[in-house]
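Read the structure below first, then the notes.
A, B, C and D are the chain letters, set down in written order, and residue numbers restart from 1 in every chain.
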Amino acid sequence: MLQLGIIGVGRIGRVHIRGILSGVPGAHIRGIAAPHITEEIEQLARSAGAEILTQDHRALLRDSRIDAVLICSPTSTHADISVEALRAGKHVFCEKPVDLGLVKIQTVIDEAAVSGLKYQVGFNRRFDHNFQALRRAVAEGRIGQVQVVKICSRDSEPPAPKFIPSSGGLFLDMTVHDLDMVRFLSGSEVEEVYAAGSVLVDEAIGRAGDIDTAAVVLRLESGALALIDNSRQAVYGYDQRAEVFGSRGCVSIGNDTPSTAVLSTAGGVTAERPLWFFLERYLPAFQEEVRQFVDAVENDYPVPVGAEDAQKATLLAMACTRSARERRPVRMDEFQSYL
Amino acid sequence: MLQLGIIGVGRIGRVHIRGILSGVPGAHIRGIAAPHITEEIEQLARSAGAEILTQDHRALLRDSRIDAVLICSPTSTHADISVEALRAGKHVFCEKPVDLGLVKIQTVIDEAAVSGLKYQVGFNRRFDHNFQALRRAVAEGRIGQVQVVKICSRDSEPPAPKFIPSSGGLFLDMTVHDLDMVRFLSGSEVEEVYAAGSVLVDEAIGRAGDIDTAAVVLRLESGALALIDNSRQAVYGYDQRAEVFGSRGCVSIGNDTPSTAVLSTAGGVTAERPLWFFLERYLPAFQEEVRQFVDAVENDYPVPVGAEDAQKATLLAMACTRSARERRPVRMDEFQSYL
Amino acid sequence: MLQLGIIGVGRIGRVHIRGILSGVPGAHIRGIAAPHITEEIEQLARSAGAEILTQDHRALLRDSRIDAVLICSPTSTHADISVEALRAGKHVFCEKPVDLGLVKIQTVIDEAAVSGLKYQVGFNRRFDHNFQALRRAVAEGRIGQVQVVKICSRDSEPPAPKFIPSSGGLFLDMTVHDLDMVRFLSGSEVEEVYAAGSVLVDEAIGRAGDIDTAAVVLRLESGALALIDNSRQAVYGYDQRAEVFGSRGCVSIGNDTPSTAVLSTAGGVTAERPLWFFLERYLPAFQEEVRQFVDAVENDYPVPVGAEDAQKATLLAMACTRSARERRPVRMDEFQSYL
Amino acid sequence: MLQLGIIGVGRIGRVHIRGILSGVPGAHIRGIAAPHITEEIEQLARSAGAEILTQDHRALLRDSRIDAVLICSPTSTHADISVEALRAGKHVFCEKPVDLGLVKIQTVIDEAAVSGLKYQVGFNRRFDHNFQALRRAVAEGRIGQVQVVKICSRDSEPPAPKFIPSSGGLFLDMTVHDLDMVRFLSGSEVEEVYAAGSVLVDEAIGRAGDIDTAAVVLRLESGALALIDNSRQAVYGYDQRAEVFGSRGCVSIGNDTPSTAVLSTAGGVTAERPLWFFLERYLPAFQEEVRQFVDAVENDYPVPVGAEDAQKATLLAMACTRSARERRPVRMDEFQSYL
């Protein structure tokens, strides 16, 4: 039984706790750290069977019976706690992003490398049943050689404008998932990116210096091309589709819906909208990534997605940001010094 | 916190235990009864946090801290344990069928009536997200007045022929769910049934005196008509579809699949098969029915599906059996003496 | 170039003329007969390049250069004109139904048999691209041995009640197509029918002695079962679906729509309604059946659907009528004397 | 009755002749011009009822009874014949492209302007039922303000490499349709294009100096973004999809298929492939564009798509070519001198 410590019990921390309890049989939540312990958190800890509930995450890192920690604290603390945890000998599952800056990500990569411990990053979308099926079809050669990857990712609701300044901008906050997905699906690194952005959803986002709509073209090292389109607001729900096209065919995934019900009336033939909320849409993926993390630790497998993947996705998002700002394609070797 | 006792930890009992742990927050499993306690069951009880593990289900019935029991033992014991539990003052959730015979079902109905306790039957399909969406559309008047109900229910794999004699036959074992669904979806009782059967899947099923393929027409009291078709074997997976047609439109549900992936190749455009196994297909429904049972007990709501529903579905299945055997439509008032 | 005479230029006659002009290259319309010749009909004849326009269909039968006639006159005249035409040595394509009575159909069958000429009946649905694809899949063994056939056929709008008395009733007017389709798809004859009807759409239909909603179960000689459901009114459009299920799989067809457009909004994900009007839905089928008729004549192939098929479908519709009236299953050997 | 002359009876000329005969009631084909008159063409002319069959297209231009001509001759002759025809007082429907060079297109625009005659260009895709439905949804405001347009266009089979040099390259030969479609669907002009190309399908195409796979991002004057992806080869069929996303929703179109048949087997749930051949896919659109041209002439309506549209699409294709070659976004005002 792998003994886990959970650092941070905000929205995503709770998702992980619930997921572990209901479907990660080889793991036990030994301790939970939260800066402010409310009655609700106490109850959560009890129902999770956690022996330790502490305000100080270092208490978990010092506990020799804890094997691994899940870092679910605010983004700005991810990298520092990652390093602390690795130095304390704990395997680490860290929510994404590891950091918005490349220097700190590099520090984590280095620390993980010397530690010999597992370090997994929470790119949950890789563990989603649809994206998994897409990847599997590609990996099994069903579509031959990959020629075009397309990803459509649209949020159901835009973030509050006040969230924008700390978000890193649309490319680092949102497109970063799609950029990771291009790498995951194609099995190829990226050579060059071109990104165009626009403010069409909410002018306040524009005033905050960001964009809310984007189109990206990637030239992959394999010669394949990729297209991404993003929007901060799709009024019909969280829109998560992708397609990989190749020499022998094409595989695509659509959205998940609450049910398969289809209503035919004088007004048309109407199916359900996509699931609205990203946590609902990706709930099983949040569980699956932890399951695989536990597996990797228990059996000394490589983690399915590591700090280098986070670094690469971040670099790509930075290249998109630069491309959109400077209105030119950006070659990834401009960022060579970071690699 | 509602204190539950689980009686029987075969396949379905385990499904309920897992379901309660992961998603029925208001309930605690206080005790588990199993005739043969293996190490695996001991571990299950521990992980469930159950204080009691016993070979004697009556130990649970005697425990004054247990509020309600889930009866997941073999079919032949359902009715007797139901009566015992009700007499012991426990609310009861009983797996279907309550019994294959009408006399025992009546005894349970009577006992439940005098007890004033909750008695819910495990017609899980009513709690499925698809069937719920279908029912909701009908109940909200989206299709106007119900005119035709159609249900297609096909198992992925036929039962072993040796299972046939104790099954009650296809209509009692399989169609009974669809018959309940006709009542649930239409909101109407049935006036007359006509059933035709055939042996097309496995001759051994025929030799065991049963059929493996059936077509049923129901005339409802509302004037609406219903059609059911069943097969013991659909090689492409567990096929669970339904449609309700009315004066203002039509609503239908299709199958659930492992993913939304669609592969286009020179050979065609191929989507995934329906989920294969009924436990996988209806897993969330098994959880939802218990959640609603717990709700009904906690808040003194009526149970969503009671022993009378089991009785009516059983009568309908018996009428189908008689219709197929005697090759004539059978009016439900032939069974009046049972009601 | 096959020289054709068209007898009757009502709605269906015009459909055939247009179809021949645009897509039956081996045929020329030499003559047209219409009881009342309007200016519009004169123009139609001109644009068709027809040398003859006459009020007397016998003028076409006497014309030695005419090889074949299409009988598109009112139903009550079909059988008599069929016999006249065959006696005049013309190949015949006759719109369905050949007659509502079995005696006259038999006369036509006999006359066609002795004549050695081609006699095709307008069961257009057999030539529809969807039903053809369905049949092809079955014939190629894609689903193995046929076990269940299901047909859903719903008109978009009910007929005017005054039309009911001369229609022969729902089973002869509407279900007859579906009964033919069961034979076509399954490749099997029918042993027994059970039909239930209801008046749910329009009480005036009931007052006229007919039903507007029906459910039919057929037991085929092969052991397979078939289910048909009919309604006189589907407010969302002309609903024409079918499914054949077998030992190795299942093949189904859905409705055709004006476009593939799908609109996703806050209200749902809405596709187009099925095509509304049967002539629009089956337009290419009306052309294809004549194309194959011309082929059969030119190359002395057997016609794809003959008078015996009309007879058998009519018998099945009569058996349904009897079944619904007498509320019992009807074996087809009750009609043995007609065969 | 509008009197038409058809200039050129290659593949596309024949499609138009057939289309006019079967479904453009207000038009008569008075003359046909073909450089080499075969027996097959003589028969075609006869069956079309054409009074004139000539090797010299000027014979048609001199015929005072001819109102309009359809120019279906080789691309290199389009512009010259257009000018001749306009000077001869004929309305013109000209197959696309008007010319591969901007100078000649401008000449045609100027000539059409001074002539006061109708001049329509054969951007057939605008008349396709799916693209029409898409445009209609946008024009009716169903999706609110347009934010993103996406077009996926893939040929089923690549052209022979020897065709490449005269094709103008992928952007002028293939993407030009999609670029026109972006303008048509969005109702906005384009400000800037970025195009990336790759040789992934056939190296011989690369050796001929062209690409076979492309990804394009357009920045529209409205602020909206557009994405196009093209491939010269989709092994599953001619892939023609599009989507427009806006502030109130999203509308998309999929491919047309030979039937709605879906086969469920142990291997999956398989629908038909998209239609394979562009002439089959767009056949009704070829007819519809001529129908609207005839309408425009008869009723003096503006033509639905004119020489300026051809010019703009050509400019956009040239900008894509430049962008891909110079690896930079290209602003449309670089081409200002042409406008």
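Here is the rule we go by: a residue touches a chain if its C-beta (ideal position, glycine included) is under 8 Å from a C-beta of that chain, and two chains touch if they have at least 3 such contacts.
This structure is a prediction, so every number in the text was calculated from the model and none was measured.
Novice: Chains shared as neighbours by chain A and chain B?
Specialist: Both-contact set = C, D.
Novice: Tell me which chain's centre, taken as the mean of its C-alpha atoms, is farthest from chain D.
Specialist: B
Novice: When the centre of a chain is set as the mean of its C-alpha atoms, what distance in Å lies between chain C and chain D?
Specialist: 39
Novice: Using CA atom averages as chain centres, what separation in Å is found between chain A and chain D?
Specialist: 42
Novice: Roughly how many whole angstrom separate the Cα centroids of chain B and chain D?
Specialist: Chain B and chain D have C-alpha centres separated by 58 Å.
Novice: Give me the residue numbers in chain B that touch at least two other chains, ranges are fine.
Specialist: If we look for residues of chain B contacting two or more partner chains, we find 234-236, 239, 248-250, 263-266, 272.
Novice: Should the pattern of chain-chain touching be classed as line, ring, star, complete or other?
Specialist: It is complete, because no pair of chains fails to touch.
Novice: Could you list, by residue number, the parts of chain D that touch chain C in their complex?
Specialist: So the residues of chain D in touch with chain C come to 18, 21-23, 25, 47, 49, 129-130, 132-134, 137, 142-143, 248-256, 258-266, 272.
Novice: Can you tell me which positions in chain A touch chain C when the two form their complex?
Specialist: Residues 234-237, 239, 257, 263-274.
Novice: In their shared complex, at which residues does chain D touch chain A?
Specialist: 145, 147-148, 150, 152, 154, 192, 194, 196, 198-201, 213-217, 219, 223-227, 229, 231, 233-236, 239, 245, 247-250, 327-329
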